[in-house]
Amino acid sequence: MRQEMLRRYISFGLLAALVLAFSLTSEFFFTSNNIYNLLRESSIVGILAIGITMTIITGGNDLSCGALLGLDAMVISRLLYVNEANVWIAITAALAVSLLGGLFNGFLVAILRIPDFIATLSSKFVFSGLTLMFAIRSATGMITTKTLSDPTIKWFGGKLDFGLYYVTIAFFALAILSQFLLKNTRLGVHTYAIGSNRNSAELSGISYIKTKFAAFVMSGFCAFVGSLFFLGKIRAADTESGIGMEFQAISAAVIGGCAFTGGRGDVVGTVIGVLFLKVLENGVLKFNLSTEMQKVLTGSVIVIMLVFDAAYNKYMQAKTSKSAVIAREKREKKVGAQ
Amino acid sequence: MMHNPENLVEMRGIDKRFAHVYALKSVDFEIRRGEVHSLLGENGAGKSTLIKVLTGVYPKDGGEIYFDGKPVEINSRDDAFNLGIACIFQELSLVPTLTVAQNIMLGKEKAKLGVLQKKSMNREVSELIKRFDFPLRAEDVVETLSVAQRQMVEILKALSTNASLIIMDEPTASLSSKESEMLFRIIGQLREKGVSILYISHRLEEVFQLSDRITVLRDGQLVGVVPKEEIVPADVIRMMIGKELSEATASRPLKVSDAHTVLQVRNLTRLGSFEDVSFEVKAGEVLVLAGLVGSGRTEVLRSVYGADPIDSGTVLFEGKPYRHSVSTAIRLGFGLIPEDRRTQGFAPLLSGTRNVAVTNYDKLSRLGVVNAKKEKQLGETMVKLVDLRPANPTVPVGNLSGGNQQKVVLGKWLTRDLKVILIDEPTVGIDVGAKDEIYNFIEQLAARGVAVLLVSSDVAEVLRVATRILVMRNGKVVHEFNDGVVTQENILLVSSGMAEDHRTEAKE
Amino acid sequence: MKKIIALMLIMLLAFSFAACGGSDNGGGSGSDGSQAEGIFRDPKKNPYSDELKIAWIPSDAPAANCVAWGAGIERELSYWSNVTFNTFDGERDAEKQSSIIQDLIVQEYDAIILQPYVSSTVAVAVEDAEAAGIPVICINIDADSPHSALVAMTDYEAGYAIGVEMAESVGGEGNFVVIQATPGATRGENLEEGFQAAIANYPGITILDEQTGEWNSEKANAVMTDFLTKYDSIDGVFCHNDQMAEGAATAVQTAGRLGEMSIWGANGEAKALEYIEQGLMTGTVYTDCYDQGATAARLAMMFIGGNLDTSQFTQTLQIKMPPIVVTSENVASITEDMRW
C-alpha cells in the first residue's frame, strides 16, 4: 500500500479513536454545542494550516504566518479604532499587507535563495515588529488593546441558527478549494513536483520561483482570512496575537501526512491533523488534565508519525534491494546456463 | 567537411579543457538516424564529458555540433531538450509522488483556465503506453513502480517531447535480467520508429547485443568507430586500453604469500550489495578487488570495516571473530581510506592536525581532555611521515590539493599501529606525481606487514600495486588471479563478463 | 481507498450534525429571551444542596500571585461540600483563556473566576459566558465587557501612592526611571497612569527613561543594569511589579549604588517583603491575595444563589482591595500567614 494511504488511515484512525474515547467518557463531548465549539476552535488554526500545507509540499515551510495573522488583525484594529476608517478599507488594507507579506517571503526564499526555515523565521520577527509599531497606544504612550464593536467584524464571529459558526464554513470551503487546487490544477501538480524532485521539475520547464511565490502568497492569503475570523472571535488584537499558532498548524500538517522533505501530504490530511489536535485539546479541558499532559500526547503522536515515515522508507528500500538480489540471482543462473 | 545526410548528430573536433588538462581533444563523433550507437571507454576516457557537451551541461572549448545537418549551439539543457535530445540518467529524474501521466505531461499539462484535463491527459498517456505495450498504467504513482518501470516512464517522457535522440547512461545498472530484456526490446522498437539511441554501458555483452556501431574513446581522444559485425569484444578491450603501454605496467607477476593470515572473510552476504564473498588477506599482501563500478567492491570493504551491516557470513581477524562495529575494528587495528574522500575521508574546515587526531584521541586524551602538546606532535609526525606539502599541519585540509588531501587521509592511519588497511579508489582525481607517492606509501605499509585490501577501477593501478587480484561482478567474486602473469586485458575481460568464467578453485 | 476515507469522513460529520439536532439544550442563547423584568430573576440553583462547578482561570498558574489567589478561592470553597473546584491555566496566552471560557460554557459551569491576561481579548468570551447565565468574576484585571464583578488590587491608586512616596522622599526634586509591564497589560497601564498623575504634581521630578521588563525579574535586571550605565544620577526606580523590582534591586546592589536611590515594586509578594526587610528594596503596595481570592469565591456563591440577572448588567460591580503601602517601617505588620 502507498505511504500516503497508510498515513491517511493512521491519522484518521487516531482521530476516530480519540473522538470515540471522549464521547464515551464525557457527557459533554458529543453535544451539539461542544461539536460546534470544537469546530470553531479548529477553524482558525486550520485556515493557517492550509497555507502552511502548501509551503510544506513545496519542500519548505512558513513560520511567519502566525505573526502575519497577528499583523493583519492589528492593521484592521488600528484603522478601525484610531483612524476610524471604513471597515472594508481596513479589510482591504489587511489583504494587501498579507499578500505583500507572502511576496516578501517568496522574495527571500525564491530570489535570495535563503532556506525557508531561516527566511520565514526572520520575516516572523519583521511581522511581529510591525505589529508592535501599529499597536494602539494609550495617552501615556503605553501599548493597549481595544475591543472593536464594528458590526462587520462581529459578523465574522457569528454562526448559523442551528449553531455552526461561519468560520467553520470558511475553513471547510477553503479546504475543499485548496484540495482541488492541489490535485486538479496545473499549479497544484507543479507544487508537488517542485517539492518532490526540484531538479526534474525544473528540467520539465516548471519555474521554481513562480511556484514558491505562489505557495507563500497562498499562505499569506490564508493568514488574511484567518485574521478576519480571529477578530470576529476575539474582537481585539494584541501584540502577541497569532504568534505560536504556526506551530500548531505545522504539527497538524505533519500529523496529516506532510513531509518536511516536500512532495507529500494534502489538505484533507491537514484537516484531519487539525481536528486531531483540537479534539485532544477539547477533551483535555473536559477532564481538566494538565496542559503538560496534552503537550506530551501531541508530541508523542508527531514522533510516532515521523518514526512511521522513517520505518516505511527503510522497509521500501530493503524491499527494493532484496528484489534486486533475487533478480540478479536469476540472471546469474541464466548466464551460467549459457 | 561533407555532411552525411544519414547523420542525426555530428560532432566535429570537440575540445574540452578543465584548467589546462584536456578532457576531450579534437573528438569526432556521429550518430545516424535510427541507430543504436554505443560509446565505450575506461573511466576517465571522456565518455561522460562528451555527453555533457552534447546535452549542454558543459560548454565546449572548440569544435562544431551539427544536428539534422544544421550547425547548432547547445548551451544549456533546455537547448538540447528543444532540439529533441533526451537523456535518461542513472539517477532517475522523475517526481516520485506524482502519477505516470503527471510525470510524462509535467510542464506541458493540458489545462483549461489552470484546471487540469485529467481524463484527456490520462487517455493520451494510456495510448502512448499502449503503443509500446509497456506494463504501466497512466494512473500509477511513480514511487510504487520498479526501477525498470520508472525507466519506461522516462523513455515515454522523452518520446512525448518528440525526442529524436535518447541518451541512456548505464540503464541496466539496477535492472533484473527480465527487465533488461524488456528494455532491449523497447530499444529495438524505438530504432524501428527511427529514434536514435546513444547507449553507454560497462557491460560489453549488452553493447554487443544491441549496438549497430561502437565508438571507443581513450584519454579524451577518439580511438575508432566500428560497426559491431566487424569486431569482437577482445578487440574493443584492446582499443580501450591502448597498445602503447609498456610491459612493466601492462602486466604483473603475482604470487600467493606464505605469511600468516590476518583477515579472513567467509561467505559474506549483504542483500542487495554482494553475496557469498570469501577471501583472505595475509600480512604484507596487497589484495586488490577489481571489477566494474557497482560490482559490490566498495560495499564489501565497508562491511568488513563494520560501517554497513551484514546479512550472513563471518569475518575473522587473526583467526577470531569480532564484534561487527567500526569502533571494534579501529581498536583491532583496522583503517579505512574511503572512496569519496571529500565527503567521508576528512573534515575540510579542520586542520591537518585535527583531522589526524580524530582517529587518535584514545592516545591523545585522558578522561576526555585532549593533551594539546601531544596533538601538536602528532600533526608534525604526520607531516613528516606523508611528506605533506605545504609542510604545515595547521592548514585546513579543504585548502590542500587533492593529492595532499589524500595524504592526510592516509596520515590518519599511518600514525597508528595498523594491522589491516582497507583502501577504496585511492587516486581518483589525483595528479600523476602524487599517485606514485601514494603507491609508495601502500607498498611501505605492506612491507611493514600490514594486510592491504584495495579497491580500484583503474586497471593500471591494479597492476602497479597488487600481489593478488580478485575480480567481482554483480556482487560476486568471479575470478581470482593469484599466480603467473596477469595483463590489463585479462582483468577487463573477466570484469565485463566476456571471458570464460574460469574461477579458480579454493587454494590447493 | 479514497472513497472509503471520504465516506468515513462524511459519516463522522453527518453523525455530529445528527447529534447536534438531538441535544440542543445547551446554554448558548440566554440573552435572547430579553423581555426583561428588570435585573431580577429566580435563582437558578440552590447553593446549599445542588452540585456546583466553579472554575478558576489564572493568566499564569505557576506565578506567586496566581497561586495565592487560587489558594484563597479554594480555601473559601472547601467549606462547601457540593462545589467542585477546577483550575485551568491560561498559559500567558490571550487567546487560550478565551478558548477555555468557550469550553466551560459547553460544560455548563456555574461560575467562572478569571484573571484576564489581556482585558480586551477575553471580552467576547466573557460576554458569551454571561449570556449563557454563567457569572464571571474577574480578579485584579477587568475584562472589556460588562460582567458580574471585579475584585481588584488597587492599581491607579497604588501607582499614585507610590508616586507620592517616591517624590516626597527626594523632596520633589530628582530623576526617576520606570520599568514597565509587558506592553498592553491593563494593570501596567493603570499603575503607570496613577504614577504619572502623582508625578505631575512635582515639576522638579524628571522621568529619565521607561522600558518594559516584561513582568519578569531577569529582564528587569538587564534593563536596570542598562539604566545604571546610561545615567549617573538616578534617585528612584518604580517597577510595575515586585518581581521586576527584585531584579532591579539586584542590579543596583551589583553596581554598588544601593544607597543612592529608592526602589519600589507593587503587589507585595513574600520575596519583596523580605527584600524590604533586608534593605534591598524601599517599598511596595501590599495586597492580601488570599483574601482577594476568597472575596471572589464568596461573590461567585452569591451570584449563583442570588436573584440578580447578571447578564443584564451594563456595568461591572467592583470591589477594590485596600492599598497597603509597605516600607521598612511597617513591614513587620504583614505577618507570616498573610504573605504569599
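Chains here go by letter, A, B and C, matching the order in which they are written, and residues are numbered from 1 within each.
As a working rule, a contact is a pair of C-beta atoms (placed from the backbone, for glycine too) under 8 Å apart; a residue touches a chain by one contact, two chains touch by 3 or more.
Source: prediction; values computed, not measured.
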Make each chain a node and each touching pair an edge, then name the shape: line, ring, star, complete, other.
line
So the chain most remote from chain C by C-alpha centre is B
Count the C-beta pairs in contact for A-B and for A-C, then report the pair with the higher count.
A-C
For chain B paired with chain C, centre-to-centre distance based on mean C-alpha positions, whole Å:
71
If you average the Cα atoms of chain A and of chain B to get two centres, how far apart are those centres in Å?
44
Need the CA-centroid distance for the pair chain A / chain C, whole Å please.
33
Residues of chain C whose C-beta touches two or more other chains
none
Tell me, which parts of chain A touch chain C in their complex?
5, 8-9, 12, 16, 19, 28, 30-37, 40-41, 132, 135, 138-140, 142-147, 157, 162-163, 233-236, 238-241, 244, 268, 281-282, 285-286, 288, 291
Which of the residues in chain A end up touching chain B in this complex?
2-4, 184-189, 192-193, 196-197, 199-201, 203-206, 263-264, 318, 320-328, 330-332, 334-336
In the complex, go through chain C and note every residue touching chain A.
1, 5, 8-9, 12, 16, 19-24, 26-28, 86-89, 91, 93-95, 98-100, 102-108, 118-121, 123-124, 144-145, 180, 183-184, 186, 188-189, 192-193, 196
Which chain B residues qualify as touching chain A in the complex?
77-78, 81, 93-98, 102, 106-109, 111, 114-116, 118, 141, 143-144, 146-147, 174-180, 271-273, 275, 474-476, 497, 501
